[in-house]
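First subunit A sits with subunit B, and in the next complex the same chain sits with subunit C.
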Partner chain A sequence: MPNDVRLMPRLDEIGVRRLLGSPDLLREGTMAERLAAAASSITHAASGGSRASQDDLQTLLDGLTALAVQHGFPNSGGATDRAAFDAACGAWLGEGGILHKAEAMRDDVWACVACCIAPGIVLWRFENGHPDRFRGGVRNTFQRLWLRARAVDRGEDHEDRWGLLRALSEDASVQITERPGIGADSNIARALAEAWVVSSARVGSNRMEPITRRAARMIRRDNEITCLGALGEQERLARVQGFFERAEKA
Partner chain B sequence: MPEPLTLHAECFKAAGGMTADGMKKLLGTPALSLLDTVIRETVQNSWDARREDFGVGYRIRLRALRPKELAILEEEVFAELPPHQSSAMGIREFLDADRQVVMEISDWQTAGLGGPVRADRIPERGEANDFVNFVRNMGARRDVAGGGGTYGYGKSSLYQLSRCSTVLIDTVTLSSKEKPINRFIACHLGEARDMRKHGRLTGRHWWGTEVEDEDVVDPVTGQQAARLRRLLGLPDRDDGLTGTTLVVLDPDFDDGLSLEDIGAQIQEALLWYFWPKMLPGLDGELPIEFEVEIDGEVLPLPAPEQFPPLDLFVEAYRCVKDGGPNLYDIDSERPIQHLGKCSIRRGFRQPRRYLVPEGESLLPSSSAHIALMRPVELVVKYVEGTQLPSDTVEWAGVFICNDDPEVEQAFADAEPPAHDDWIPDQMPKSWAKTYVRVALSRLKYLATSYAYPGPGAASGGSEQPPLARAADRLGNCIPIFGNTRAGGGRPGGGVGGGSGGRGAGRRQWHIGEPRFRRIEEGTDGVEAVFQIDVANSSGHSLRLVATPAAVMDGALADAEDDDQDVSFICWEDEAGTRLTTSTGIVAASNSDTTLFARIAFPDDGAAGIRVTATEQVS
Partner chain C sequence: MVEIAYPYLRPDGDAVVASPWLATLDGEPCVIDNHQIEHFDYSASLRMERHVSVDFARAADEIGIAPDSLQFLCIVTQGTGNQRIPRGQQIVVRQVLDAEHPTASLEIAVHGHDVSRSLNLATELVLHSTGSTTGRLSPKHRGARLWKDSVRISVDPAGMRFPMETVSFAEAFSEGHRDAQWFLDWSPQHLDQEFTSSVRLYLNEDRPEFVEAVQNEEDIVLRMLICSVAGQMIRSAITLDHFPPDPAISTPGSTGSVIEAWINQAFPGQSVGSVRTLAENDPARFDLSIGGLFQGELDAE
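And now, the complex of A and B:
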C-alpha cells in the first residue's frame, strides 16, 4: 500500500527569527521566496513518507487562503469573522488533508506553515504580529486551531463533528489547549467543552469567563486524585458538569 | 624585601624532550569551549584529590589584582622574565596592562599537591606523586581508582586559557607526619627556541627556589610560600587547610564580555556538568560545595532540583540510584555483561532560568537528553535524542555505567584527554571496545525512540485519537518523589529545599525539601502536616517562609492559578506544639531543627507546600 504521508518542511528557531526580521518578506514575498530565504533552517523527516512538494504546499496555502477570504481576508473582517475563521480553519485542519497527524504534532512544522507558507493570514488574524503567533507552540496561529480541533473532535461519525469548535469562546478554547492537564487528554478536553456548552446555555456566554476558569481549576485539581481520563464518558461528563455547576454558584 | 624567585628555563636534554608547545596540543581539540574544559578538568582534579566523599570545596574567583598584589607579582615572582621575547612579551604585557585580571580556581578538603617535588625522585611507599605529575610531568596516568580523569593532559587547558600561558600554583599538602607543607611555584609554557646564550629551550619555565648546582628550581615552601599567598591575595590556608589554588593570569575571555557575563557562564557550566555533585547525601552533606565569586561578590548557585531541566535529570539520577519506573538495564549480549543502568523521566517543561543569553546557553530549551556518567558521577556528555511532540513536556535521562572494574575501566579508556566523550573507535579491538560501543548504541536508540516508541508500543485502538495516546504517555509525568517537587497522591509532597552559606569549602545551611507526614481531620476540614529539616551551622539565623498551594497538572499551582482555598495553619515542633500561625518562622543559628508545617486544604484535591529560606545577616 503506498504511503501517502506528506513529510512537511520543518523550520528551526533560527529560521523563524530570520523571517521575523524580514517583515517585507512576510507581508509581500511569495511562499517560494520565503522558503528559499530560510532554506538552511528547513529540514524534513528522513523517512516515513514522501516530502511535500511545492504543489502540496500550494494546496495547503490555497485551502487556508480560501477559508480566510470567506471571513474577510485580506482587508476586512471583525472579531466575529476572525472567530468564525478560527472554527472553520480548525475543522479543516482537524480533518487532516495534507497535514498528517504525526507531522502536525511538531512545533517546527507549524512554524514553517506560519512563517513560510501563510504569514499573510497570520498578520490578518493577529494584526500585532506577535512572534509567538509564528513560532511553533500553543500560541501559533494555526497550531492552536489544530490542537483545539484534536481536543474537541466528537468523531467522524458524529453528525455535528466540529460543533464544539464553533460553540466555544476564545477564552474557553485557551483554557483547554494551554493547560497541559486538560489539553493533553482529549477525553477531559471534550468533557470540559461539552459541559461549557451546557453551562453557557444556562447562564449566558458573556458570563462564562470566570466560571470557565473556576471550573478548569477544579478539573485540574480533581485530575490529581481522580484519573478523569479513565472514567467512563458519561461519568466523566457528569463530574465535569458538576464542577461547572459549582463554579456558577461560587 | 626577600629574594625574588629564580627563573628556570628548561633546555632540551641530550636524549630529547617535549616542547612546551607540544604539551599544549596534547589536549587535542575538545568539543567544549576552553573555559568549559578548564572547569571540567579542575573539578575532576579536585574530586580525585578529595579527602572524603563529601564536603569538598571548589571556588572560581575572577578578579583584578590590586596594586600591591601586582607589585609583589612584578618584583618578587616575575623579577626575571623568560629569555626569549616570545615568552617574555606576553607576561610583560600582562604586567603593564591597565588592569590585571586573574582567574583563581581553589579547592579545599583535598589532598593538595603532595609527594616529591622532583620528577626523578621515587615516592615513598604510600606517598602521592601529585606535585610532580601536575607541575613537572605531562600525561602521567592518575592512579585514583574510579577517578574522574585518567590522563594528565587536561591541565594544559589552563595554559591555553592564559593569554600569557602562565599559571601560579599555591598548594598546602600534608607530610607523612601529617604536618602542613606550603608550596608555591609559577609555571609558563612558551615556544621552543634556540638561543646562542641559553641553548635549545623547550619553552617550559618555572619560577621558584634556586637549588645550587642543579639545573632546576623547586617550589617556594614554608613561611615564604605562605607570605606570597597572603601578599598576592590568594585564599587563606592557615590552620593547615589543605588544597590547591591555581591562578590563571590574563584569562582569554571574549573581549565583549564582562566579568559578570563570564561568571554566569561558569555558573551554568558547573550546573550542567556537575549537578550530581550538588545533591545532598543522606546526611545532608553536599559532595562538592561550589562557589563562584566575581570581583568580591559571590554569585548564588541555584539547587539543581530547582533549575529546570536539571530537576528532571535529578529525578532520573535518583531512579538509577534507588530504583524506580522507566529504568533500563543496558547489557551486552556477546560477551554477556551488564554495562549500566539508564533511567528516563518525563515531566512538564518548567520555565527556564537562563543565566546567560538563551542562544548561548548550554541548557536545552526543551530537554531530550541522556547524561552519561561513570560511577564517579561526573557528567561526561549528553546524548541528544528526539523531543516529545509538544513544547509543554520534555524528558531527561541518566546513564551510569556499571561499577564492575572491567566495565568502568572500559569507559574510562574510551575518554579522550578532555574527558568529554566516549569514543570506542580510538580503542584497540577488545571486549572493552565492545562494551562502550554497545552501550552507546543502545543509549542512542533509547534517546531517539523514547519520544516515538515503535508501532507496537505506541499504537492504541483505531478509535483512540492521537492526543489520547499522547496523554497515555504523559500519564507518568507526575514526579515519583514527593520530596522533590509537588507529589502525586492526595497530599502532594512539597517543593522547596536549598542550601547556602559561604565558607572555605563548607556548606553552612541546608533546608530539606518538605516531606508529607500525615493527614488529620481538623476543626474546619482536612489538614496535612509536612516535615521540614533545617541544618544550620552558619552563624546567622534563617527565616523560613511557607507557601501552601494546590497541586495541578502535576505541580504546585502558581499564584495566578491558585484559588486560595489551600491555607496555612501553623508551624509546629516535633511534639506538635504550635509555634506560630505566621507563614514565616526563624530557625536559630548553629543548630539543627525539625519543623512541621500544617496546612488546610479542601477534600477534593491535592496540596503541597513550598518553603523558601533567607539568611538573616544583621
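And now, the complex of A and C:
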C-alpha cells in the first residue's frame, strides 16, 4: 500500500507567480511546456512512494478534461453547468484515483495541478482567472472540490455517496471548507451539510445564506465546549439541526 | 490563543495523570525531538502509546457529580495537513472510563501515507454519563469537554521554522529587483489562512553574502530581518476592517492570530486602534516597540 503513493509535483509560490505572468502559456501551452517553464520551482517528496509519471499526470488531465467537456468546456456552459461540474469533479477527485490523501492535503500539489496540468479548466470555471484559483489553498479551483468531497463523503457503502456535493449551494460549501474548525472534521461537516438540506427544504434555498452563516458560527462556538465529533451520529445531527432551527428564527 | 470560559465545572488538572506518548517508528523506538520526527515518509509506520488515569473521587467531587454514576469518554483525535491548522482530523480511539476502570491504555497506529506535514494528537476527556446526581454548575451534556492535552509533531523538516527559501530574484522577477535582499510573499486578505502555508519569506540567492548571514543565524541580521517582516505585516494588518480576527471563530495558527500575538507582545495592553494611532503619529516609537520583539530566533509562534 505505501508504495502505491504517487509523489506528485509540488509548485512553489515563485513558480505560481511565474506562470501567472505568462497568460499565453496558461491558455495555449501544453502541460509539458508549463512543467518545463516552472522546472526550478517544482519539487517532489524525497521518498515514500514513486514519482508520478508523465502518463499519470496525463491521466489526471484527461479525467479532469472529460468531466469539464461534459459540462460545456471549453467554449460554453453557464452557472448551472459549472456548479454541476464542481459536484462531479469533487466526486471524481474524492474517489482518489491518482491523488493520494496525504499528497492531496498539500497546497503546493494543487498549485501544480491548477497552474501546470489543467489551467485551461481553471480559466473556463473562473473566467476572471483570479490568482487564488491557481495558487494552493481553500480557493484553488480543484483543491476546494477535493476538500468538499472529503468533508461531506457519506461513505463508499452509501447508495448516494456524493449526494451532498450535489445538494449544497456554493455558499454552503464555502461555509464548510473555509472554516477549518468545521471542514477538517468530516463528522461535523457532514452533519452541517445534512442539516442544511433539511433546513433548505423547509425555508427555501434562496433564504439559506444568512441562516447558514449564523448556524455555522453557533456550531463553531458549541464545538469549543462540546466535542461534537464524540457524539453518536444521530445525536450530533439532532444538535446541529437545532442550531439551524435557531438560526432560522434569529 | 483564545481562552474559553466554560459554562460548567471542570476537573482540576491534578485529577488526571497522563503519561508521555511513547513512539515506535517502523518497529524501532523513536525519539520525538523538539516536536519533530525525522526520517518519516509515506512508507513509515508509527505506533504511539500512552496511559491516562483519572482520580474519579477527586474529579467527581470537583465537578459535583457522584463518582459511582460518573463516566468519561477518553478520546484521541488525530489531525494532519498543514503545520498548525489540521486539514483533516478524526477520532481514532474511544474508551469509556469510570470509577472501576479509571485508566485508559491508548494505542494508535499511524500510517505514513495518511500524514501530511504534521501529526496532531489531541487526548481529551469528555462527559459520557452523569447519572442523576449533579450540581447546579456540573457539566450535563454528553460530550462536554473536561480535560485536554495535545501534541503537534512535524514530519516535514522545514515545517517548524519560519517558512523561508532562497531563489534567484533575477530569474524569479521579470521586472527586476535583482539587488533586493528579501521578499515577503503574503496577502493581507488571507489572514484566516494558516501562517506557514500562506506566508513565505524569499531570500535572494543572487546576494550570497546575505543568504549566508541568515543561514548562519547571525543574530543582528536575523533580528533586523524578522523585525522588518513583522513590522510590514503588523502595519498592514492594523489598517484592515477584518483585523483583529473575531475571537469566537479565529483559528490558532492563522496568519491573523500570529500577527495579533506579535502585537500583544510588542504593544502589551494596547488596542489595535491605539497601535494604529501610534504607527500614524509616532512611527519611530512604533518601530522601536517592534524592534524589541524577537531574540534573534526565527519562529512563527
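Everything below uses one rule, namely that the second predicted complex is superposed on the first by the 248 of 250 C-alpha atoms of A that agree within 3 Å, B and C clash if a C-alpha of one lies under 4 Å from a C-alpha of the other, contacts with A are read in each partner's own complex, and residues count from 1 in each chain.
Here, contacts are C-beta pairs under 8 Å (C-beta built on N, C-alpha and C of every residue); 3 or more make two chains touch, one makes a residue touch a chain.
Model, not experiment: these values are computed from the prediction.
Student: Clash or fit: what happens to subunit B and subunit C when subunit A is overlaid?
Tutor: After superposition on subunit A, which the two structures share, subunit B runs into subunit C.
Student: Subunit A residues in contact: does subunit B have more, or subunit C?
Tutor: C
Student: Considering only touches as defined above, state whether A:D171 meets subunit B (first), subunit C (second), both or neither.
Tutor: A:D171: touches no partner chain.
Student: Touching A:D81 in the superposition: subunit B (first), subunit C (second), both, neither?
Tutor: A:D81 contacts neither subunit B nor subunit C.
Student: Should A:D107 be classified as contacting the first partner (subunit B), the second (subunit C), both, or neither?
Tutor: In the superposition, A:D107 touches subunit B and subunit C alike.
Student: Please work out whether A:R214 is in contact with subunit B alone, subunit C alone, both, or neither, and reply first, second, both or neither.
Tutor: A:R214 sits against subunit B, while subunit C stays out of touch.
Student: Please indicate which partner A:G21 is in contact with in the superposed arrangement: first for subunit B, second for subunit C, both, or neither.
Tutor: second
Student: Quick one: is A:S47 in contact with subunit B, with subunit C, with both, or with neither? Answer first, second, both or neither.
Tutor: second
Student: Quick one: is A:V5 in contact with subunit B, with subunit C, with both, or with neither? Answer first, second, both or neither.
Tutor: second
Student: Go through the superposed model and pick first if A:D153 touches only subunit B, second if only subunit C, both, or neither.
Tutor: So A:D153 only meets subunit B here.
Student: Quick one: which of 9-17, 63-71, 135-143 or 153-161 on subunit C sits on top of subunit B after the fit?
Tutor: After superposing on chain A, the clashing stretch of subunit C is 153-161.
Student: Kindly list the residues of subunit A that each of subunit B and subunit C touches, one partner per complex.
Tutor: 101-102, 105-107, 136-138, 150, 179-181, 184-187, 217, 220-221, 224-225, 229
Student: Can you tell me which positions in subunit A touch subunit C when the two form their complex?
Tutor: Touch residues, subunit A against subunit C: 1-3, 5, 7, 12-14, 17-18, 21, 40, 45-49, 100-103, 105-107, 136-138, 147, 150, 178-181, 184-187, 217, 220-221, 224-231, 235.
Student: So in the complex, the part of subunit C that touches subunit A is made up of which residues?
Tutor: 4, 6-7, 41-44, 73, 75, 77, 79-82, 85-91, 94, 111-117, 124, 126, 141-145, 165, 167, 171-172, 174, 185, 190, 192-194, 197-198, 200, 202, 248-249, 251
Student: For a test of understanding, state which residues of subunit A touch subunit B in their complex under the given definition.
Tutor: Listed in rising order, the residues of subunit A that touch subunit B are 101-102, 105-107, 136-138, 150-151, 153, 155, 179-181, 183-187, 189, 214, 217-218, 220-225, 229.
Student: Within their complex, state which residues of subunit B touch subunit A.
Tutor: Subunit B residues touching subunit A: 348, 389-393, 463, 465-468, 470-471, 474, 478, 488-490, 492, 550-554, 557, 561, 563, 604-606.
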